[in-house]
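Multiple structures follow.
Here chain A shows up in two complexes: once beside chain B, once beside chain C.
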Partner chain A sequence: MNKLAVVLVVVALLAMGGTEGLAQREQVRIGISLPLTGPASASGKAAEAGYRLALDEINKAGGVLGRRLQIFIEDDGNLPAKGVPIFTKFVTVDRVHAITGIFGSAVGVSIVGPAKLHQPLIAMLGAASPLVERGFADYPYLFHYHPWAYHNMEAVFNFMDFVRTGTGASTIAILYEDGPFGSAGIGDTRAELIRRGFDVPFMESFKTGSGDFTALLSRAKRHPVDVLFWIGFDADALPIAVQSREVGFKPRLIFGTPASWPVGYEGNPVARDVAGMAGWTSASPLPASKEFVKKYQAKYGSLSEEYMAPMGFVTLTTLAAAMNKAGTTDKDRVAAELAKTDAETPVGRLRFKPSRLSPSVHQGFDSDLWMVFQFREGRRVPVWPKSMAAGPLAWRWR
Partner chain B sequence: MMDLFLQTLANALIQSGTYALASAGLALAVGVLHIVNFAHGEFLMVGAFVAYWLSVLAGIDPIVSLVPAGAVMFAASGVIYQASIRRVLLAPELNALLLTFGIGITLQNLAVLVFGATPRVVHTAYQLTAVTLGPVSVGVAPLMTLVVSVTLLAGMYAVLYRTGIGKSIRAVAQNRTGAHLVGLDVDRIYLLTFGIASALAAIAGAMVLVRIGASPHMGFGFVLKAFAIIVMAGLGNLTGVLWASLVLATAEAFVRTYVPGGGGAAEAVFFLLIFFTLVWRSWRTA
Partner chain C sequence: MRWAGPAALVVALLVPLVPAGGYQQYVVQVATFVLINAAVALAWDIQARTGQLSLAPAAFFGLGAYAYTMAALRGVPLPVAFLLGPLVAGAVSLGLGVVTLRLHGLYFAIATLAFAEVVKVIFKELPLDLTGGAVGLTAPPLLGGHQTGLYYLGLGVLLLVVAVSLAVRHSRLHYAFTAIRQGELTARVLGVRVVATKLLAFVLSAALTGLAGAYATSRLFFVIPEDTFGIGLSVTALATAIFGGVYTTAGPVLGAIILRSLEEGLRLVLREGYLAVYGVILMLVILYLPGGLVSLWNRRSRDAAGGD
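Right, the complex of A and B next:
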């Protein structure tokens, strides 16, 4: 009797496992690793909102391969120590068909080993460091959507050329944070600006979040500076703008490149005509962007200015579209379809091409992704490139 | 050249006001309760967020919010004291250090959960205003911080040396057992002192809000510098806080201005000052 009971229990458990396995197989599963806590959480949460918006749209339109798309979102905190176990869990426990997200370069570098071991299809949202690009050399399943860091700098140089041509600006002061984000390649940046005909009489590092820029700005004030170009984080945006006024430093343009801006900065008069670089703004004139803004507002009742929101949306929708075109979740066939992507997206036209440093990597957006905006009347008004501009560059910063 | 020198001195003087305000509470807590409160920076952050929300929701200027920010932190610190600090005052000092460190981390992460990690900024009319005197230009906001700082420290000094309650606080600071034997309610005085120290941190937070905004991670840098200041001033020496703040701010300003690469290196100045102060003290007493 006892033996019979044991056999029945085992059969029941197997049946349950089998049913669960079947249910799991019925859905297409995608793992998403994002920094939902920590300093990069503003970008991570924006991307999450974009992914969820895409999920709704995909499932409303019939899902992927006629089945509901299921996503697993995990918080990597932008930390390799969390990113690697999450990546491994996606592959070994959740048995996902593709992995996306991965915002920070540190996480991107840390998953190179596990990725080469398990060989999943990866649609990488961020991670701009060329270290990631080199790490994934010879890996055929990486689709990197975000521009690489050198693309970002190309966009900066092109904008500076535009400023010089339009205004006659010739002198740039550079402030950069002394961590990897601000200081990587800063010497090359200066050299390239000089090569393009600019004078860079002042360049100095700072500790992000220190809050005191008065000494550095007092030094910069001694030079006839047209443009103050700063590379740092959101915490540095207000002190730089406020303390420039305090010490009487008046460049004709302040141009910063943080990944995100402080809450309330747009509406602050101190930010007026301060320029920033973004992959997208809600004021973008692109038809796909206007459509995205409408859908976003309908779902969330508010508007995001973080470009990671449309980036998350684009990543999931193009990945799902490739699976549908492939007619299977087989990674080789999905990768082949994803490589053929040619889509007008909220952030511009997406086409994959071989990456510059590691041609096996499929690179999506490049320097064309970036636009420059200025804060004006509480909004971000695109001013460059001309095709995206909703207003002229306000030059004489007051 | 002289213009830059004078501007650097002015920058240092202005920054010393912020440092003094951020350090005064820590000096009081160390001097009376004999604990190094590593949550002091997060109390400053709480003050900044109170002032931020009062500005956003009710349009109250951060200068006016000094009072509610201080009051909120005074009340909150009472709860924190009764629930945790009080229980480790007689334990080895390491316990209090770890406890306050834990409180700080908890508050910081709570702020991230509730408000998000992105800094928040407010707008005031005087944020755009500077006072120019010859070649020197200084902002009105940090000037106001300096005035508030000096006023509060002078007030604190007056309370400690001219009032009965101040006398009681000094008595407890000097000898807890002796104060208890002569009938002072030591626990109550600890509670009051911890409340005042915490309120001072919150007031500092409200003051820096105008210049650097509010964010969950803003406090840690301040507490490290405040620690350097109280080491220089002498642990618990409230009157020394002003000159020690001026020394730190001046050293930082001169490193930023005259040392190549000093923009990043200036943040290490407080480590050097702690090091030299401790070495000098041990050499003097040897």
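Right, the complex of A and C next:
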């Protein structure tokens, strides 16, 4: 009797394993690594919402290759010590057909080793550091969607040229956080602004999240400038705007480039006319963006202003489309189709080209991704480039 | 429980060989980071045995990591570059220790915290072609990046830290460290050269942390000031040692194994809110087991021996 029971249990387990294995084989699987906890979680959660919206849409339209698309979302906390095992788990346990997500550069560069070992197809969402670009040199399966850090600065320079031409602005004060986000290439940034005809009489670093900028802004006040350009994080946005007023520092434009803006910032009176750079705003006039906004509101009932939401959406939809076009999940054929992508997306036109520092890497968006908006009447109003502008640049800072 | 150490070693040796199916490489990856955490926590504990609360592990970890990376990128053979990690960290700690080890308690803790911050800023501000500035550098992998080989190298690093810890425990240094911790005046009366002994503990700890840093970098392939010198590493070392049991060899190692496995397991099972559960467990252990997890073991041993 006991023997019979053991045999039945073993057979049942084998059957379950077999069924599960079959079900797993039948689905197309994609692993998504995102920072859902920690300081970058606002971006990670926005991207997750975008991925889930795309998943619904893809599966509603018949899935990938006629099979249901399955995603595995894991929280890497933006930490290499979590990101590396997660990456390996995707490849060896979940046996995914492609990996996407990967927001932070530290995680991006730390997976270079495992990536070169397992050679999966990667559709990288973020990770803008040139370390990642160089690390993946000679890797043929990396599709990097987000612009690199130097693309971001190119967009800043182009916007500054627009400001100078339109307003006659000629002086800039720069405040930058002392981490890699704010400090990377800051010397080159200053040199380039000077080369473009600006005077940069004041440039200092700060510790992000410190909350007290009064000493720094008081020193900056000694150099009356047209533009205050700050590079930092969401936690710095409000103190800079409030304390500029407090110390009587009155640049004609405050322009910040945090990765995300604090929730509710647009509703704060001190935010009025503060300019920021974003990969997307819900006020974008692009038809694909309007469509995205409609779908997003239908699914979530609210609206995200985080550009990582449409970025996540774009990454998964283009990846799934490439698999459908390839007619297979074979990574070489999917990569070949993905490389041919030419799509109007909510964040602009997506086409891959060889990356500047590592031509084997397929680079998606570049400096054209970025737009500049100003906070006005509780909204983000795009003001640059002209093709995206919904209003003029409000120049005199109040 | 004399069998526990050898048994743990056998298990550690077998980790890459256990047929865990698809999970095998994943388990090896997680185990590799457990080894790094355990080495840093135990190295921190060695100097903590003198009663000093150092918040500088991140600085020594980063110094070891940068020493390895910068030397390797300049053509120094990788094994030599690897050994430069502990040497540089040890040498710098000697200088810092001479200046700060006369401080006590919070003053020493703040001095070491400030030092960690200063080192991070220096590495950010040094010329780009030297340290890569705020962006950092990519590091060449040891052993060609071979995963199993790197796991065993990490195990070797941890075993070295364990060996040093045990050597301290079974030498006269243990009594000197304990005497200093319980009162420097008493230690002096007992003939202990207090500052020299504290300095020895500090340098040993820093060199071993630097070794862990060099190893971690050869595994992660990069150094970035903000991450490599991140204060989170110092806090994790401290929390791991306290969770497992301070002033012991087994405690920090056990703490690293349990904490990392717990975090990974909770993440896989709960998905949402796993860090909250993890935090609650951490708090409960610290509240109700002030001696750490090893105190459970010691209590059982006492009960078995009929002690009070």
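The definition used in the following text is that the second predicted complex is superposed on the first by the 383 of 398 C-alpha atoms of A that agree within 3 Å, B and C clash if a C-alpha of one lies under 4 Å from a C-alpha of the other, contacts with A are read in each partner's own complex, and residues count from 1 in each chain.
As a working rule, a residue touches a chain if its C-beta (ideal position, glycine included) is under 8 Å from a C-beta of that chain, and two chains touch if they have at least 3 such contacts.
The structure displayed is predicted, hence computed values, not measured ones.
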item	value
Touched partner set for A:209, first chain B, second chain C, both or neither	first
Partner chain(s) touched by A:62 [first = chain B, second = chain C, both, neither]	neither
Chain B versus chain C as contact partner of A:178, first or second or both or neither	both
Chain B versus chain C as contact partner of A:113, first or second or both or neither	second
First, second, both or neither for A:37, with chain B first and chain C second	both
First (chain B), second (chain C), both or neither touched by A:92	second
First, second, both or neither for A:265, with chain B first and chain C second	first
Residues of chain A that lie at the interface with chain B and also at the interface with chain C	37, 178
Chain B partner contacts - residues on chain A that touch it in the complex	37-42, 45, 175, 178, 204-207, 209-212, 214-216, 218-219, 222, 234-235, 237-239, 242-243, 245-248, 260, 262-265, 267-270
In the complex with chain A, residue positions of chain B that touch it	4, 7-8, 11, 14-15, 56, 109, 112-113, 116-123, 127-130, 132, 137-139, 141-142, 208, 210-213, 215, 217-218, 221, 252-253, 256-257, 261-264, 266-267
Touching residues (chain side chain A, partner chain C) in the complex	37, 74-75, 80-82, 84-85, 88-89, 91-93, 95, 105-106, 109-110, 112-114, 116-117, 129-131, 134-135, 178-180, 182-186
Touch list for chain C against partner chain A, complex	22-26, 29-30, 33, 36, 121, 124, 132-138, 141, 145, 147, 219-222, 224-227, 264, 267, 271, 274-275
